[in-house]
Amino acid sequence: MSAQSYPGRRRTTWVIFIALCVFTFINLTPLIWAVLTSLKDPRDAFTIPPTIIFEPTLKYHIEVWTENDFVFYLMNSLIISAGTVFISVPAGSLAAYALSRIPRRSAGPILSALFTIRMFPHMLLAIPFFVMGTFLNMIDTYPLLILALVAINQPFTIWLMHGFFLEIPRDLDEAAAIDGCSNWQAFRIVILPLARPGMTVAALFSLLLSYNEFLFALILTGTDTKTLPVAIASFGGEDISSWSLSAAGAIGIMLPIVLVMLLLQRHLVRGLTAGAVKG
Amino acid sequence: MVRWQRGLWLFFLPSFGLLALVLLWPLSYAVYLSFFDYYLGSGERTFIGLGNYVDLLTEARLWNSMRTTIIIAFGSVAVEFLVGFALALALYRLHGSAKVFSVLLFLPHIVTPVVAALFLKWMLASNWGFVDATLLTFNIEPPDWLGDPVWAKVSVILADAWVFTPLVMMVLYAALQGLDTSLLEAAQIDGASSWNTLRHVIVPALIPAIIFVISIRLMDVFRFFDLIYVLTGGGPGTATETITIYTYQLGFRMLEVGKASALGVITLIVVAMLLLTINRGLNKAYRGGDR
Amino acid sequence: MTNRLSVTRKVKGATAALLLSSIASSAVAQDAIRVISHRQPALEYYTQQMIDALPEGRVSVELMPIDKQLELASITMSAESDAIDVLYLNDSSFRRFASNGWLEPIDDLWEKYQDEYDLDDFPQSVIDAVSFDGKIYAMPILTNTELFFYRKDLLEDAGVAPPQTMEEYMALAAQLDSARMAGTIMSLKPVDAALNEAHWYINAIGDGWFDANWKPIFNNAAGVEAITKLKEMSEYAPRGFTAHANDESTINLQQGLAAMGLQWFTRAAAMDNPEQSRVVGQIDWVAPPGGGARVANDGFAISAFSSADREEMFKMMAEAASKESMQEGAKYAMPPRLSVLENADLAQQYRWYPAARAALESGKAFPAMPDFNDVGEIVTRHILRAVTGEAEVQEALDQAAAETEELLASRGYYN
């Protein structure tokens, strides 16, 4: 459509291609460097000139996963992320659908209110959350952190999904209503299948937020529910011999989410194209 | 209103019920605390009305951190938007290989922020950080990335851009995919230059996406914390002390929770006003995309 | 469609099951003693001793950076939650926690187990450091002091002795400073690192932080001179020193990028570790020139809100602080027990002990007030403004003093 259809523009395309290659490489240096650091002894990690050629060792990767309970923390992270996604996206989609079907003058203020919640500095919610958790005797349990993450994630999910549902013509649900469908049936049978790309996007962003969240995870979890980001931060302490470990842990923490990204990448672009950004 | 819409409020129930239970309470509690002199250590709180607000608004530190925040926020959103848009256009032109690039370019965004900050510190640390070590090898004297008041701001802006440009890129790339190609072709046939096509065809069509992504970024950049905290800790001096860093110092270091909450409310009001103005401005400039 | 629905249902079922099982499992595991601590080699060692002191599974330890640990502890304890049982505290945070009523006094247990664990072995100064308002609140675990690290090969080449005064130190830093090597390390990252560095200058050149009535005196003529000297010294510091904390300074020494400077005792062993260091055997130590560098006594305390058995916790801490345990722990940190510290073998085993003993004599602890961390937050901010040229030294210190006085007044110091 765009490039190939205009002959003589091949060269520009090549220039763009090469420029992108260079940019991507520079952009990824921090990651590449971290991978190299994770394969080095600390002595070689910080030198002038930078040590590029060295004998790689996997011992820090092995140590992180075998001696530091990282598998356990990964499980915690996965449970908490899955919990958050599976509560946040359905709940948010329902609300967003309703929001897209009520008159705009009522929907507007609700959306603004949701924004407001999002803008409040999250760190100030940490103390109230903790007080609440203590009161309910739920500190160091999965549901507490999941609920907290769902709550701070709701405004964004609703906002995102609202955009999708606006793109789906109202005539469709009205036709369903005329056919005798209830609200719920109309939503489930007619609307939901159309909103799937959007839900994938919402799920991906919920996943990113819940998998990567640090402050609430630090404060609301404990021995039993500690997540990967908290575990990895515990190495950032005094001793530089743990920096190779940090790097190894950091790479490890990225892998699952990179995998998910690779699987969902296509859906991400398609989903975003389908309407989220038109709200 | 059609009859079937009546039961619609039930759809709000799970989400808003949850928000009311889990979020509204902590939020109101935080706002409530902002009217108290509350030092977490003593456990006592005294109602002082707007005392915290008056205190904050009359001290130089707040205005200083506000200025720093605005510089850093606008700096990073500008970089993110320009670079992100350029990347999105480049990807749009590329077709086939775009997928590989978009995956690779998106990577920095999915790195856990705490970890991203660590990675960037290993790049920017003076002398033995990767950037310095490389430059020093070639006998180039690099600037003091994190230690010089001006460079520290630049570094922090670039750090934020490293993490969030991919998001901007992805949203705009997706929006470009949804572009009506007949418009582009019409422009080409009319012999419009690339720049004119961009300005008069592409950008107007992208306005909703641009508003979306700029709003999202502005909202979040004001809460921007992990990266600054790890890279500079707000320093040198107060060169990179943003409102969030200040909030953290007040709430978590000095345990002055009442004052910190008041600062949170002030932040919220400032950001809300800012967003409103910007959205209005953008909408007006292009006679409002599709709404 | 039905297919898809049943998948969703299965997923939902699985999530619910996971959630339920997680509640159940956490309820069972709750009775272990939860210890949280800052992560550094000495504390890794001593927390391991705690784990070993009780039957397996009784103790769970979480190590994290000090700032995160204090955040977590402050929030937990202000909510009077029993989520934390035992925690590591350094001297300044110890006083704050004790004065907030967040710690459990242990005098009765101290008396009861005095003989069994030979607790009289701790010198009075150490016991004072873990006491507040006449009550003992913590088990002393390590004494930490700042040492003056220097490259003996470079000093020998230059034909000079290690500096004994600040003037000598500065002259030497100027002499050794070159394009490739900084004259001295300086750790001025806010808050903790910068506060330690400033503490040294304020004591060695200035008159200290406060007068007897907690009125700030760090902005008097001597104090201004101290910070002016600190600013001048930063000419010879590695680039980026305003963002440097202990880690960065340690690396600069280890990589041969700086010739000397102030650093903690606990970093000394790392200089001789060939896995990390390029200057093995080339670093030597003396007490910091001019004296007055920081000395700190750190320990473990029991939370006032813990629901675990306090006697069991006390024994766990006492085991970790036993003579045998400290004998081995001496590698990582200075043991507070006299019998261990005065053991002549230590100096042979660990080259830095003679310097450490001297530093202990000439050093100074932080002012004994619960709010010194907060004071430090104010002071370091203004000192850094002075160092980076954002403000004049006098002006910055005056402002710091005014803010400090306001803070202390609000905390009831001058009533």
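Labels for the chains are A, B and C, by order of writing; each one numbers its residues from 1.
Operating definition for what follows: a residue touches a chain if its C-beta (ideal position, glycine included) is under 8 Å from a C-beta of that chain, and two chains touch if they have at least 3 such contacts.
Predicted, not measured: the structure shown is a model, and the values here were computed from it.
Answer with line, ring, star, complete or other to describe the graph linking chains that touch.
If you draw each chain as a dot and join those that touch, every dot ends up joined to every other.
Counting C-beta pairs in contact, which chain pair has more, A-B or B-C?
The greater number of contacts lies at A-B.
Could you work out how far the Cα centre of subunit B sits from that of subunit C, in whole Å?
34
Please work out the Cα centroid separation of subunit A and subunit B, and write it as a whole number of Å.
That gives a centre separation of 16 Å.
Provide the list of subunit A residues touching at least two other chains, using ranges where the numbers run on.
Residue numbers touching two or more other chains: 46-48, 127, 131, 233, 236.
Give me the residues of subunit C that touch two or more other chains.
If we look for residues of subunit C contacting two or more partner chains, we find 71, 75, 78, 251, 255, 257.
Provide the list of subunit B residues touching at least two other chains, using ranges where the numbers run on.
Within subunit B, the residues that touch at least two other chains are 40, 125, 127-128, 132, 252.
Note which residues of subunit B are touching subunit C in the complex, please.
Going by the criterion above, the answer is residues 39-43, 125-128, 132, 142, 144-149, 152, 231-239, 249, 252-255.
Within the complex, which stretch of subunit C touches subunit B?
Going by the criterion above, the answer is residues 71, 74-75, 78, 96, 99-101, 188-191, 238-244, 248, 251-252, 255, 257, 370, 373-374, 377, 381, 384-385, 387-388, 390, 411.
Along subunit B, where are the residues that touch subunit A in the complex?
Checking each residue of subunit B against subunit A gives 2-5, 7-16, 18-19, 22-23, 25-27, 29-30, 40, 87, 90-95, 97, 99, 101-116, 118-120, 122-123, 125, 127-130, 132-134, 136-137, 162, 170-171, 173-175, 177-178, 181, 184, 188, 208-209, 212-213, 219, 222-223, 225-226, 230, 243-244, 247-248, 251-252, 257, 260-261, 264-265, 267-268, 271-272, 275, 290.
Give the list of subunit A residues in touch with subunit B in this complex.
1-4, 6, 12-13, 16-17, 19-20, 23-24, 27-31, 33-34, 37, 46-50, 87, 90-92, 94-95, 97-99, 101-102, 115-125, 127-129, 131-132, 147-148, 150-152, 154, 158, 163, 173-174, 177, 181-184, 186-187, 208, 211-212, 214, 228-229, 232-233, 236, 246, 250, 253-254, 257-258, 261-262, 265-266, 268-274, 276-279
Would you pull the subunit C residues touching subunit A in the complex into a rising list?
For this pair, the touching residues of subunit C are 1, 11-12, 15, 18-19, 22-23, 25-26, 29-30, 32, 34, 38-41, 44, 60, 62-66, 68, 71-72, 75-76, 78-81, 83, 246-247, 250-251, 254-255, 257, 266, 270, 273-278.
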